[in-house]
Each structure stands twice: as C-alpha cells, then as structure tokens.
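Both complexes shown next keep chain A, but they swap its partner, so chain B is in the first and chain C is in the second.
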Partner chain A sequence: MNDWIAIGALALVGLLIPLGMMLVSYLLRPTVPETSKRATYESGEIPTGGTRVRFNIQYYMVALLFLVFDIETAFLFPWAVAYLDAVESDAISLLEVLGPMLLFVAILLIGLAWAWRNGAVQWAQTPRQVEADSDR
Partner chain B sequence: MAIYELPEWTALGPALILAVTALALFAFDSISPRSTNRQLLAGTAVAGSLTSLGVAVWFTVAGVGTPTADGGNGVIDPTHGFVVDQLALYFMIIVAVVTALIVVASYDYLVDHAYQAEYYSLVILAATGMSLMAAADSLVTILIALELASLPSYALVAILKDNRGSVEAGLKYFLIGSLSSAIFIYGISLVYGATGHLELAAIAEVVSGETEAGSGHDITEMGGLLGLGILMLIGGFAFKTASVPFHFWAPEAYEGAPAPISAFLSSASKAAGFVVLFRVFTEAFPLGEIGAVIGFDWTVAFIVLAIVTMTLGNFAAATQDSVKRMLAYSSIGHAGYALIGLAGLTADGGELVMGAAMMHLLVYGFMNTGAFLFVALAEHWGVGRTFEDYNGLAAQAPVACAAMAVFMFSLAGIPPFGGFFSKYFLFVGALEAATASTAMLVVAAVLVINSALSLYYYSRLVKAIWIEDPPATRDRLAQPTGLYAAIIVAAVMTIVILPGFGPVVDAALDAAGAVVG
Partner chain C sequence: MDGRIDAVAPAPLQNDETVLLPERIGELTGLDGFGVGGELLAAFLAAFLVGNLMLAMTGVAGPWAKRKITAAFTDRIAVNRLGPAGLFIIVADAVRLLSKELVIPENADRPAYDLAPIVVASSALLGFAVIPMGSGIHLADPEVGLAFVFAVAGIASIGLVMAGYASSNKYSLLGGLRAVAQNVAYEIPLVITGLSVVIFAGSLQMSTIVEAQAETLVDLGVVTIPAWYALVNPFAFVLFLLANFAEVGRNPFDTPEAPTEIVAGYQTEYSSVYFVLIYLGEFLHIFLGGAIIATIFLGGPAGPGPAELGIVWFLIKIWAVFLLTQWLRSAVPRVRIDQLIEIGWKGLLVLSFANLILTAVIVGLIA
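And now, the complex of A and B:
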C-alpha cells in the first residue's frame, strides 16, 4: 500500500504544478482583450470559413493505403531482427524463414496493386476531368 | 491412408482454398479492373467454394479429426492457434455450402452492378474468416478470424452504394459491430489477465487448477475478473450470432443489405459465431470447475439468453409486414433455438443437445439461405417488399414458390422436412438435460410454444403466395437461371436431408461428443 501513497503524491504534485503556474500567470498578467486573440489560430493567417469543412475522400484513400505500408513495417522489423539468427541456426530452413514473410508481403502487394489499378492513387480530379472521364 | 502423406498445415485446406480464391479474384480485378466478364468472376468464386466444400467433406470422410480410437487420424494441430477436429470440419462444410449457394444466386442478382469482382472477393474473404473461425482455438486467432469475417460483411451490406437503405444498414451494422468487437476484446483481455493464457486448452488448465501452485496463476482470487470477462465474451458472440442482447442490428442490416448477403450473414455468419461459442465455452471453461471459480455456471446465462432470444425473435417476427424483416426476426428466433445447445450442457454430458443445435445450424443453412434467396428473386422481379406484394406469385412462378413453401414449413418445423428433425432433437435433448436442471423444462416448453407461434407467420407468407389472388397489373416474371438453381438446390437439400439425416446426426453427435467429452 505504501507504494500507492508515493504514486498518489506524485500524481497530486504533477497536477498542482501546472495548475499553480496557470494560476500565477492569471494573477500577474495584464488583461488586454482583442478580437484577434479570440479567433481560431491558423498559422498566423486570417481564418476563412467554418471549421466543418468537407474533406476530399482522397485523403481517406491515402490513409488507407498508408495502412498497407504501416502494417508491413510493424511486422518486418521484428522479423528482420530475428532473421540472421534464424538463417544461421540449423533447425530452421531458409524457406521457413523467408517463406512466411514473402507470402505476407505478396498478399499486401496484391492489395496495393488492386487499389492502384482501381484508381485509389489518382489524385482528385477537376469537374472538367470527371466529365471527360465519364464520356469515355 | 492417403491423408497421412499430406503435411499438417493442409488440414486447414478448406479455409486456405477460400483465401487463395479471394486473392485470385483481387488479382484478376487488379489486372483488368473494368472487366465485364461476369461468368469468369462468378465461376471462380463458385469453383473456390465448391472445392473448399469438397475438401472439407473429403477430410471428414477420410477421418481427419476423428479420434484415433474410432479409426480416424486424430485431431490435427496444423499451426499455432488452430485445431482441425470434427467440429471444425462440420462447420467448414456449412460455411462452404452457404457460400456456394449465395455466390451462384448472386450471379443474377448482380446484373448491372458496378462492383462485380469486389463483391465476389469480399464474399469469399468473409467466408475465409468464417471457415477459420471454425478451426481457431486461441482467443487471438478467434478474434482475428472474427474480424476477417466481419469487416468484409460491413462492406457487403453497404455495397448497393446508391441505395439509402443499404448504406444506412451498413453504417448501423458497422457501428454495432465495432462496439461489440470492443467489448469482446475487453473480455479477452480480462480472461487473459485472470488466467495468463490465450489458448483455450491452457485457460482450461488454469481454471481447473491443474497448473502447479506458486506459478502466479492462482485463479481462485480472480473469479470476479474472469466472470466479467466471460460475460463480455458472451456479448461479443451474441453480436455475431444475432442473439439478445446484441440482436438489434439484424433486422436493419438484413433488410437493407442485398438479399443474397442477408442470406449469407444470417446462415454462414451465424453458424460461424456458434462454432466459436461452442468451442470457447466447452474447451476453455469446463463446466464442472468454472462454477467453483466464478460463482455461477455459464449455462444459466445461456438458459436466460435462449429463452429471451427465442421469444423476442418469434414475437417480433409475427408482427412484421415486410417479408425480409420477418425473416430477419425469425433468424433471431432460430439463434435462440441454437443457444439451447449450450444451455443444455452439463458437467458430464449434453452432447445430444449440442449435437442437435449443430444439426439445426446445418439444416438452417439450407432452409434459411433458400428463403432469403427467394426474397432475392422477388427483389429481382421487383414485386415489392410486403406480404401483400407477394400475393399470388405461385400462379406465375410455381416452382420457386413450391420451394419457398418447403423452406417456410421447414423453418416452422413441420414433420416431412429437415427443420422438424433438428427441432425434434433439440426438444429431446432439452428434456434429457432437464434431469439435471429443471430450468431446461422451461426452455423446452418455450421452444414448443415459439415453434407453434412461428407456424402462424410462416404460413401467412405461404398463404399469400399460394392462395391469395395476384394483382391484375403484374408483368410476366423472368426466370433467372442462377437464382433458380440455388433456390432449388437449397429446397432439394432441405428435403433430402431427411433420408440422409443418419450421417448428419452421426457427424454432429461425434463432433459434439469430441468437444464435450
């Protein structure tokens, strides 16, 4: 139970320090209200339009494609770490070391190829291009 | 026997064949995305599912998974986290059969549809997941297989992109699915926290106190945690099998989805949910010991769920106007019937009632798929959705309507059809289990009452089709080959399964006995 008292005290101090800093600055600072201070911060630019913007679905496509590579990395790293030891050991054949990863990458590649061929990486089109496309 | 020459991983053949088929379809679509070669796409999918079915039947006949004492090859452990026994093969057969039926039927349903290859590969991918669910015996592989079955299903429900109902159904299905997945994963983490294992057999060892003392897994202190985890697992399975308390997505999703997909979800997906449910609860949480650890037997939970699910499904179905919605609620009711299989288990027996539930799922795979495919046919004709719209269809399409009558009477459990026998076995099994717990008498009574009630709304549809007069303004009805073929095969199987019920009974009872005993 003693450990928990220490952790609780740490959490309390962790909360008190930022709250105390905010309180002190609140008491010390001069208050000069100004409209530009209340506006949404957009990297120094003057904000335009509302915040509920409709994003192009292409962003979503790119995020999904990113997932292919993301998962690939997540599994490739631990595999690469164990690879050299596995190759040197006599208990496992090269096929058993290399095969599953090649299969895995091949499956991901099929997914990527499918997305590519079905236009997931074609960047957003202007209305005129879309018209030209549908005429074909 | 020839099977000995195959390496062990080939025991997962039925699922692997489906996976390869799905990838082949994706590869084909990558090479020629605008192809309109529908015969090739549908043909590949049909060939893949039929091969999977053939291999699964062959394995069963050759004795894969049959205990060595009975002259089989024993349970095969193809790779970490999977096991191929009679139970797995039995449900792989159900999944493959339903997949083949709905792929054949989809050929006509999908005329003029923009996403042909995607549709077929998603169906086969989902079937792969369901097939793997049948063989998974670790909570991790179960979860991954379950997601592999679920994610394509969400897309399939919403595949009619321009149809508001389809998109809405897809969204609802997806939201409830993610919620129940989250609950399921949390349940897994609690079970893992309490037992320190994910493999079902290892969990069972910890639960029954077979691990050595001082190994850090003193289960008696963790009873509450484990019990909570088990309840959450039940929640996850309830979603997949469309039973109370996660049943409410079913009517929405089935009504909005393309009818072949409704058939797929309500038959194959439900069966896959049940096989995991059966396996997890019989293997990981053995009845005799679990009561001492968590303070209650999980059969109590299933007795309550079975009664509520049966009653709710059937009473809601009786009040529907839309045929598809009626079938959706009846599908919930049938999930309740199958739940009796778990409710009736006892510490030292119950393979009769569980075998009966498995038989019911097989027969259900034919009759319910057939019924939804008839709805698909009606949608193909464009006659409308309600009972009145179906009036007098028999005058114009007698063959399909005769098949529909077979499905309806079989679903209601009228004697000459397959549905009667599985329900009869469920009833007998429930009565047998009543010697151990009197609550099973209530379950058996509710089963009979609900079957009688279900006869009302099933025969209402048959009456509309056969007896009512057709409206004067209906056009001639087309006879699409694929849909007709699938419906007739399903109808024939619903009847033929009666003389062929012997082997089915044996297979189901063996499979149930293997996991219960």
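And now, the complex of A and C:
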C-alpha cells in the first residue's frame, strides 16, 4: 500500500479530532454575551493604544539568517543519505565525498561569522544597556 | 562518470519488508479484498487508532501526570479525590474544559484566530504517521521519514504566530514572535544533529534507522549493548535533547509563554475548546519530540524481551523524555530571550556543525 495514503488518513484524523472537540464544546458550553468580557486582556487595566506594537528588529534579522541555513540543511539531506554508501565504495576517495561539503559548510560558517561580527545574532540593545555593559 | 554512479548506487532506499499497520488491519478485517476503497478504509482505521492512542497519552499527561509530577517535585500531593490516585480527574477535566464559555476578544482577526488551534494540534499529530512504535503500530514508512517529521513538526510555528497575531493582544503578539524566533534558532541545530544520525544509518527511512541500531555495540557476555545512536554519539544526543526542548518550548527555553513576563504568550486570549486544542498541541509536540528522540537515538521500540513488547518500551522511552521535560520545568530557571537567541545561534548552531563534520570524518575514516 502507498505510504502517503496512510499519512493522508492521519492528516484527516488530525483534522477531525479538533473539529469533533469543537463540536462537542459547541453543544456543551453556555453563551452569555457581555461586551466587557471581550475586551483585550492587559493585566486588568483598560487597554491602551493599538495592539500592533513596534517590536525588536532582531526578530527579522534571525529570520533572514534562518532562511539561508534552512536551505543549506535541505541541501545537506541528500548528501548525508548518500554519504555512507559513497565512502564504503572504492570508486570515490574520502576527500572527494567530504571535501565539497566541507567547503559548502565553511562558506556558510563564514557568513555566520560575518553576521556574528555585525551583531545580527546579538540581541539589539538600547543605548542605556550598551552604556551599562561598557561600564562593567 | 558512469562507472562511478554504478559504484555508488546504494541498496534500495525503500525497505519493503516491514508490515505496516494499515496492511495488518486490512488483513485482519478482510478489507484488503475490497480494492482501493478497502485500502482507504483500512488506512483510515489505522490512522484513527494511532491518533486516539496519542490523544489518550495526552489525556493522561495533561490533567493528571503533569500535576502529579510537579507536585512530587514540590512536595505536594495534587489531585487525589477522584478515583485511584486521582486518575478520574482526566474525565472531569475533559468535561470541565470543553463546557467552558468561549470568549473571543473583540478585535480578534478571524478566521486566523479560529484556525490557529487546529493548525497547532493537527500538525503535531501528523508527525506520528512515520514513527515506528513497535508491536506493528507503524502507520507509514516513506523513505523520507525523518525529513517528513521535521517538516511537519515545523508547521506548528505557523499556528503559533497565527495565534499570536490574530488575538490582537500585545502579550500574544510578543509571545508569537518569540515562539517563531526560538523555533527558527533551534530548528537548524535540531536538523543538523539529526543528519549526523543519518550519516550512520545511510537512510532517512525510520525503519532502517531503527534496524541499524539493533546491531551490537559492545558484547559484555551477559548483556549485549545495542548500537543505539545515543551511545554511539552521546554528544549528538545531548545537542539534540537541548535543541528539542527549545523546539517544543519547554524549560529552560519556555520564553514564548513566560508567565512572569508576557502572561501566557500566544495563548493569552484563548479560552474553552481553543485553549484545550493549543494545550493538546503542545503536549503532542512534547511527545512527538520524545518519539523522534526515541526513534533516532534510543533504538525506537527495541528493548529486552519479545518483539511484541515493542510498544511498551517505546512508550517508556517517550514518557522518560516527558518526565525529563517536567523535571527541568521544576528544577531549571528560564533563560532570557536575548540569552536564548545567543545560545541558539552562537552555541548550539556551531556545536551542531562541529558534530556533523566530526561524525562525517570519523565515519569516513572507519569505513
């Protein structure tokens, strides 16, 4: 039997279980509408300002860095699968199997070192925090 | 070049000998005589069984085991009124949680708000499709097994960011962002460390990885120690465990829902059945992480005794990982978000690449 039929079946079950729970809950639960209940929770205070607040630029920086490394891992998968068979066969020397991958990883690690030096993986700090750090 | 390709041509990647659960159910019920329709029904029955097994485990873990374990660590008794050792609290809690009123915040961004809990819960469940649980409970065995598990487990991040954004709450937004930053930082070490196992096994297929670990590492006469990859490469095992805790957002890496900082992170505005589903998804993710660890590092369902006991050993292994997460929850303080990012990118990432290269070199020299 095809494996993907079974995986598709589990995906279906994985959808049906949450939906079934939502249905049961819909039948069981009370509904007492009241406007103040639906106010955004801000530790009991009256919500101030919009909720789409500004946030740290760092979240974008690490996401960009992730993109590069995630594609790299996708390329490493086939290499890792073929590796054992390749080194066990006599047709290819170890250097030929290992060398290109080492070069590939090295290039990306240089990229990481560059990002590291430029502070992309260092959590952005306010000027006051930087001052406090340099005093230490 | 032709000669080379022939020489490298590996043994068939697909391991067709394992009898999977849908086929077994098809034979048992006689459904395999009904063509495609019978096959589909058998697959659905098998998937239903696996799904409910995982649901039952979460049911035991969430309302009961988690409380009991935390209570034991903090010298309390916890639930003990309903049934033996308070076990019936599971039923009581299920009814209680499902019959709560659903309060939807006024600015919620629907339908993303409603979809997020489903995405979180079902993505975790889907990962179990390729996990060999022993005793014949193995739903599917595609040759891309390990890649599939990592891919599916990663979908949950989308659910978390949906929940964080759509709730229209400042705490939720920050929690969702933190969850993504964390998953992104630890996904790479996780996958790279997983690849160091693939180098040993030479396949991504789960059944092949489990079989490769059945070989003998050391023969001590009385006991033979199997070549579980946790013993073959303990460094990778520790790295994988750490990255896994960050990936499922457990202590010491539970910054996305840090109660002392951002209330409950992305699930702040969720109530009733939506809350249950997000919680269910989180527990399923802990168990999925445990299942991946058990499969690629701890020999899967292998253990002493007859092969029929496989599922018992497998469950013991995943519960051991679950117990470890609960232990850390009680014993280890939480890291800050800036520390979390630095540990991930400057520490684990570099170490995992070092591990991959070392493994490759050592395997290359020995082979």
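The criterion applied here is as follows: the second predicted complex is superposed on the first by the 79 of 136 C-alpha atoms of A that agree within 3 Å, B and C clash if a C-alpha of one lies under 4 Å from a C-alpha of the other, contacts with A are read in each partner's own complex, and residues count from 1 in each chain.
Assume contacts are C-beta pairs under 8 Å (C-beta built on N, C-alpha and C of every residue); 3 or more make two chains touch, one makes a residue touch a chain.
Computed from a prediction, not measured in an experiment: that's the story for all the values here.
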item: Chain B versus chain C as contact partner of A:Asn118, first or second or both or neither; value: first
item: Contacts of A:Lys37 with chain B and chain C, given as first, second, both or neither; value: second
item: Which partner reaches more residues of chain A (counting touched residues only), chain B or chain C; value: C
item: Contacts of A:Ile107 with chain B and chain C, given as first, second, both or neither; value: first
item: Where chain A meets both chain C and chain B, residue numbers; value: 116
item: Chain A to chain C touching residues, read off their complex; value: 1, 3-15, 17-19, 21-22, 24-26, 28-32, 35, 37-43, 51-53, 55, 58-59, 62-63, 65-66, 69-70, 73, 76-77, 80-92, 94, 97-98, 101-102, 105, 109, 112, 116, 121-123
item: Chain C residues touching chain A - in the complex, by the definition given at the top; value: 3-4, 7-11, 13, 20-23, 26, 39-40, 42-44, 46-48, 50-51, 55, 95, 98-107, 117-118, 121-123, 125-126, 128-130, 139-142, 147-148, 168-171, 173-174, 177, 180-181, 184-185, 187-188, 191-192, 195-196, 198-204, 263, 268-269, 272-273, 276-277, 280, 337-338, 341-342, 345-346, 349-350, 353, 356-357, 360-361, 363-365, 367
item: Complex interface listing, chain A residues touching chain B; value: 107, 110-111, 113-114, 116-119
item: Touching residues (chain side chain B, partner chain A) in the complex; value: 23, 26-27, 29-31, 33
